[in-house]
Each structure stands twice: as structure tokens, then as C-alpha cells.
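Residue numbering begins at 1 within each chain, and the chains themselves are lettered A, B, C and D in the order written.
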Amino acid sequence: MKKLLEVALGILTAVGGFVDIGDLVAATATGARFGLALAWVLVLGVIGIVIYAEMAGRVATVSHRPVFDLVRERLGARVALANLFASFFVTLLTLAAEIGGVALAVELLTGINYLLWVPPAALLVWLVLWRMRFQVMENLFGLAGLTLLVVVVAVWHAHPDWSALLHGATHPAVPMGEGRPTYFYFAIALLGSAMTPYEVFFFSSGAVEEGWSTTDLIVNRMNVYLGFPLGGALALAVMVAATLFLQPRGIDPTHLSQVALPVVLVLGKVGLAFTIFAFFAATFGAALETGLSCGYTIAQYFGWQWGKYVKPAQAARFHLVMLVSVVTGALLILTTIDPIKLTEYMLVLSAAALPLTYFPILVVANDPDYMGSKVNSRISNAIGSVLLVILVVIMLAAPPLMIITKAGQ
Amino acid sequence: MRKPLLPVVPALLLLIAVVLAGCTGPVRSFGVYESKAARTAKEEASAVENARLVVQAATGHKAFGRYLSQVLTETGDEASSIQSTFDAIQPPDGRSDQLQAELDDLLDAAATTIAALRTAARRGDFGAMPRLAAPLAGVSRKLDEFARAHQ
Amino acid sequence: MIDAGLMLLDRQLIDADGMLAGKVDDLELTFPEGGGPPVVTAILAGPGALAGRLGGRLGHLVEVVAARLRHPEETPGRISFGLVKRIDSAVRLSAQRAELDTDRVESLVRDYVIRRIPGGDHAPE
Amino acid sequence: MRLSELLHAEVLDEHGRSPGRVQDVRLVQDGPVVGSFGAAFRVAGLVVGSTRTFGVRLGYDRREVNGPWPVKALITYLLRSARYVPWERVRSIEADRVVITGSIDDLQPPGSPG
């Protein structure tokens, strides 16, 4: 019974923790500009994160080695260092975007300029990283993130033409006035939102933080196989809401407030209150995950003690990296760079950096020295390989597309 | 002896710099000016439609005043940024001058109306908003037509 | 037999208490006095050892930083192979990390930064 | 000497021909007893070949990593020219260069260390 509760809690926090500023921005932007013509990319992205997060969780559970530890072992000190630069840079940008998202959510609530909320938001993020136990942190913000269900309710109450939506999703076409490069540019951003590199850093390190053993492999599978697709469904709901309310009017969203607009129109003030809370919970939870991931990647490359399962004094350099990362992220937002634009860039760079993380996971998940009998099944390998090919193509295509489309304008 | 380490970070920074720098540049022909004007009209139409949606929320008492004035402030800022970006481009010839005049009228009309809405929202005068917003429907339609005509 | 690059290099070091204590950044090989093939006598860990692996300008940069963080007359962090207890997916040591000379930077950061922030010495709640 | 001084060093035979660079160093545990570890590792030989591929450290060639097969096939192909040099054949070690006795023609593939 206790195990069952544990599994249920794990699934719920996986759902609530799935969506972050990247998903909100990418789903709204693509819904508003392309309707559901990019819904298939979200499905592909969810399949990708399910396959690779399951692998990373299984590897961490069986061998007690988190992802970046293995990146160093499999790629060698030199290549892994280049990888560390790229992965850390993208994760730091994501952290900055999430801190910006927290500040924007508070701005929506208070009407006071978001820049004033950046320092307190960053301080609060750091305090939680400094003092709160890992499991408490994960459950609290995972469950709070479930409030995003309000978007599903809003879509339901809007009584949309379901068959038209389904037709749009299953017959993807580039809408009038949009070019093919822009379509693929946003496809990459959307894929990046579902599969950001920090998610596997966090997920695999989390398995070590929580001391998972092989009996927890079932928990790992349930979290991933049920939690992530349901979390993806929340992102899909955001996309549908934008398709219903923003696309017909030709609105190209540029602010977080516009992500909330469809819910406001359907559910009114109560819906708005829930939405703002959900924005706060989702971005704050993700700020914690990315802040930790900044520490995880560097500490795991150098072999330093990391983790919240020990006192800060026992993982001194890990905590120092997190502290510096949170401050740097906050300073980046304080330069008055548009957090939404930053998010869009971050998503494309995330997608481009994915093979660097996913390839070593795929290799180690096949290594009997680490995995014993728990090596990858043929199905995992088949789907994992196909995805990896797609990701390598994306890595090569992203920079030219970014220039051709002027970052999706 | 060994290859230099992949210059990942400089490459990324360069990429971002290129993208950001690509936003504006000198315009020498009518064709380029026309496409910039069309793009401006499309962006402005998006802002105008957003304002209309906010008014719809306001009349139905569907949102807190703070949120409404927040969104209208953002929309107003966006409209003026669109206009100032467009006005910064020198029209290369006489035909472009005409295009500029035509579009600027629409941009002015939109900016004035959104500013009035913003003020009303700040004062909590939501009842007046539908009347104030009335011109936006026409402006939006004309912007849309303009964008289509000059694509 | 094992292949050093494949099964030893870049592996995680774990101390007697289960704490993470750095990586196998390099190995020290010693030629025996009576001749014959070199013997692995120590694990080298820390930035001074890592720099040699990276090579080039970057390696040089790491070396300069590392040299500032330790006494110049000392060689890079060295852990005698006699302290190794077991090698599996990590290299397990029979000493505590505080006893290793690879722990210097960690203890500097701990004593001068982390311990000075309130709560640094308490487990998270 | 450090292990890293051997890694990536170019290997040359008596005729100045090269089978590649040092990819890895094979160790055997039969040296003098050290501390609690028991017999120390002693260098048994060098794995030599192209070091310009990222596949050297993945374990597809010398260990039982078998999937996914396209990756296995690719890496095995890239590393097909790897050879094993027993330590007895190492004549001298200079900066970035290892000279071996005999010809490179009679070197065998490295096989698995286990």
C-alpha cells in the first residue's frame, strides 16, 4: 500500500514537474502560429524524453552513476569537457529563463515590473536549494505544478470542434503566410521544450539523491511511462488553447500574459488565479531543477561530492557552483533581455545539444559491466537509435535555420 | 598534436550575435521596404487583436484589473516599439513614402486607441472599454488587408 | 587484465565513508628498479592531473589555475594505489577523503565560503 | 611517468612505419603487493590504432557492449585497424613517441582484456 502511494505520488510529481517556461512558450507560440500542425512534434518529443529518461533513470538506479559521471567516463576527459561547456551553458540559459518566468508570473499577480522580482525570486530559489530536502522540494513543486490542469479544464469548457482539431493534428500542413524554414525552426524549438538536456541530468541524479535501488525500477518506469506523457498532455492543452483563441485572430504571442489569455476568456478570474499560480509553480520548480543541474553537471564531471542528501558543507564546491549559477542567471535577466526571447533561443540550443547527452546514455544502457541483466531491450534500442539520428540531424540543421529564419520571425 | 577543443561557446555566442544583428539593416529597394512594411502591419495586427481580446475579457468581468492593465501596457509598449522600428527605416523612393504614410496612419490609430484603453483599465473604467475599443476592429481589418496586399 | 582507459581512467573515486572524492584523472607509472614493465603506483587526481590529459592551451590554463591552488613544490594530487579497496563502476578507497591531498580545494571552499553561510553545516530539512 | 604521456603517443616500428597512436594501455595485476589492494597493476602492453575517433572509450571493440547494432557496427568498423603491442616489444619511450622492435605486420588485434 505504501509502495502504491509512493508510485502514485511519483507519477503526480512527474506530471506537475514536466511543464516549464520552455513548454509554455513553445506550445503557445506554435499553437498560435501553426495551430496543431506541430502537435506531432510534441508527441515525438514526449516519446524521446520517455525513452531516454527511462534509460538514464535505470542506469542511475542500477550502477549508481548519474549521467554526467558517465559522459566523462565514456567520452574521455577532453571531449566530455567540450560537452560540459555546451551542456552547462544551455542549462544556465534555461535557469535564467526560469527565473525570468517566476518574476513574470509575480508581475502578472502584482502589476509591479518583473525586474524588481528577479532578485527576490533568485534568493528564494537559492534558499530552497540550500535548505530544503530533495524529496520535499520535488513533491511540493511537482504537486503545485498540477494546477496547470486549469488549462485542460478551459479547453474542455470552450467546447471546441474536436474533429477539426484532430484533423489539424493528423494532417499537418504549413499554414498560409508561414515559410517551411520557420515551420521547422519552431518544430526544433518545440522538440527542445519536451526534451531539454537538464531533464535527464536532474532525473538521473534524482534517482541517486533518493537512493533508488533495483526494487525502485518499477517506480522509475511508472514515473516515466505515465507521468511524462500526462505532463506532455498539459503542454498539448496549452497548444490547443492557443490554437482556439490566438491563431484565428493572428496573434503572435510575445508575453507570458498571453499564455494565460485563453484561460481568462473561458474561466474568468478563478481561471486566471489558477493559471498565474501554475506559472509560478512550474517555473519555480524548473528553476530548482536547472539550478541543481548546473551543480550536477560540473560536480559530476570533476568527481566532486554533489547532492542534497549531504550537508552543504560536505558538498562545498557543488553548492558554490549552484550559488554562482543562480546569481549569474538572475544577472542575465536583469540585463533586461526579454525572457520570452531568451526562452526561444534556449529551446533551439537545447535541442541542438541533445545528442551530446543522449548518445552516452544510449551506450552505457547497453553496457553489461554497469547494467548486468538490465541492459536495454531491443525496442528501447530501436526507438533510441532512430531518435538519435533525428537529433543529430537537428544539431546540424539548427544553426543554419536560426540564421535563415532570423530566429523564427 | 591534438585537435583544438571544439570552440562550442564562441560559436554559440557568434550565432546569437548574428541572429540579433540580422534584425535591422539598410533598405535600398522598394521591394525590401514593402516586405518590411507588410511584416510591420502583420505584427501590429497581432497587437491590435490582442487588445481586442483583452477588452472582451474586461467586458465580461473575467479578469482582475491589474492583469488587464498589465496586458494592455505590454500591448501598448509593443505597438509603439513596432512603430518606432518601422519609422527608423528610411523609405528609399517616392512609392515607399506613400506606403509609409498609409501604414503610419494605421499605426497611429492603433496606438491612440490602445493608449486610451490602457488609461481606462488603470482607472478601473472597464465599462467604457468596448466604446473606446470600437475603432480597433476597422484598424485590424485594414492592417490585415495591407499585409496581404504587400506580401 | 584490464584496459586502463576503458576501465580505470575518468572513473569516480569513492572514499571509505561513501563520499565522492574526485576522479581518476591520470595514473602514475613507475619503472621498477630491477627493470621490467612499469607498475601503476598511484592515482593522480585534481586539476593538476587533469591538465595533462586535456593538453593544448586549455590544459595549460587549467594547470596555471591549479598551480595557484597548491604549494608550488608539490606534484598534483596523488593517491597511493595501496589505498584502493575495490574497482567496480567506481574506484573505492580505504581512506577518508579528508586524509587525501586531493581534498584541498574542497576544504578551502568549505571553510572560507560554505561554512560562513548560515545553515551550511546542517542537513537540509 | 604518467599514463597520459603514453596515451596518444605515436608508435613506430624499426622501419619507421606506424600502426597509429596509443589508444589504451593494458594492465595485468601481477606486480608487487601494494597496501590493501594486493598485487599492483603492471603494464602488459599497448592498444594501438587511430585515436581520431570518439569510439575508443565506448567499449564496443574490446568489451561486451553489443547494442544498438548500428553503433556497434560503425565503431567496430572505425577501429578495425587497432593492434596490440606486448610490452616486451617496446624498445624506447620518447616524448610523444614509442618505438617498438620488429615490424608492425606481425601485430595482432587487441581482443578483449578480460
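The criterion applied here is as follows: a residue touches a chain if its C-beta (ideal position, glycine included) is under 8 Å from a C-beta of that chain, and two chains touch if they have at least 3 such contacts.
Because the structure is a prediction, the values reported are computed rather than measured.
S.K.: Decide which interface, C-D or A-D, involves more C-beta pairs in contact, and give its chain pair.
M.R.: The greater number of contacts lies at C-D.
S.K.: Using C-alpha centroids, which chain lies at the maximum separation from chain D?
M.R.: B
S.K.: Centroid of chain B to centroid of chain D, CA atoms only: how many Å?
M.R.: Centres of chain B and chain D (C-alpha means) sit 63 Å apart.
S.K.: If you average the CA atoms of chain A and of chain D, how far apart do the two points sit, in angstrom?
M.R.: The mean C-alpha positions of chain A and chain D differ by 41 Å.
S.K.: Using the average of all C-alpha atoms in each chain as its centre, how far is it in Å between chain C and chain D?
M.R.: Taking the average C-alpha coordinate of chain C and of chain D, the gap between them is 24 Å.
S.K.: Hey, how far is the Cα centre of chain A from the one of chain B, in Å?
M.R.: 30
S.K.: Return the residues of chain D touching two or more other chains; collapse runs of consecutive numbers into ranges.
M.R.: As it turns out, chain D has residues touching two or more other chains at 8, 56-57, 59, 63.
S.K.: When you check chain B against every other chain, which residues touch at least two of them?
M.R.: Those would be 1-2, 5.
S.K.: Going by the touch rule set out above, which residues of chain A reach two or more other chains?
M.R.: Counting only residues that touch two or more other chains, chain A contributes 73, 76, 78, 81, 369.
S.K.: For the complex, give me every residue of chain A touching chain B.
M.R.: 78, 81-82, 85-86, 89, 107-111, 177, 245, 249-252, 254-255, 257-258, 260-261, 264-265, 268-269, 272, 345, 349, 399, 402-403, 406-407, 409
S.K.: Write out the stretch or stretches of chain C touching chain A in their complex.
M.R.: That would be residues 5, 7, 9-13, 19-23, 25, 45, 50, 53-55, 58, 89-90, 97, 105-107, 109-110, 113-115, 117, 119-125 of chain C.
S.K.: How about chain D: which of its residues touch chain C in the complex?
M.R.: Checking each residue of chain D against chain C gives 1-8, 23-29, 31-32, 34-37, 40-44, 47, 56-57, 59, 62-63, 87, 113-114.
S.K.: Can you list the residues on chain B that touch chain A in the complex?
M.R.: It comes out as residues 2, 5-6, 8-9, 12, 15-16, 18-19, 22-23, 39, 42-43, 45-46, 49-50, 52-54, 56-57, 60-64, 66-67, 69-71, 74, 78, 144, 151.
S.K.: Which residues, counting only chain A, touch chain D once they are in their complex?
M.R.: Chain A reaches chain D through residues 73-76, 79, 362-363, 366-369, 375-376, 378, 381-382, 384-385.
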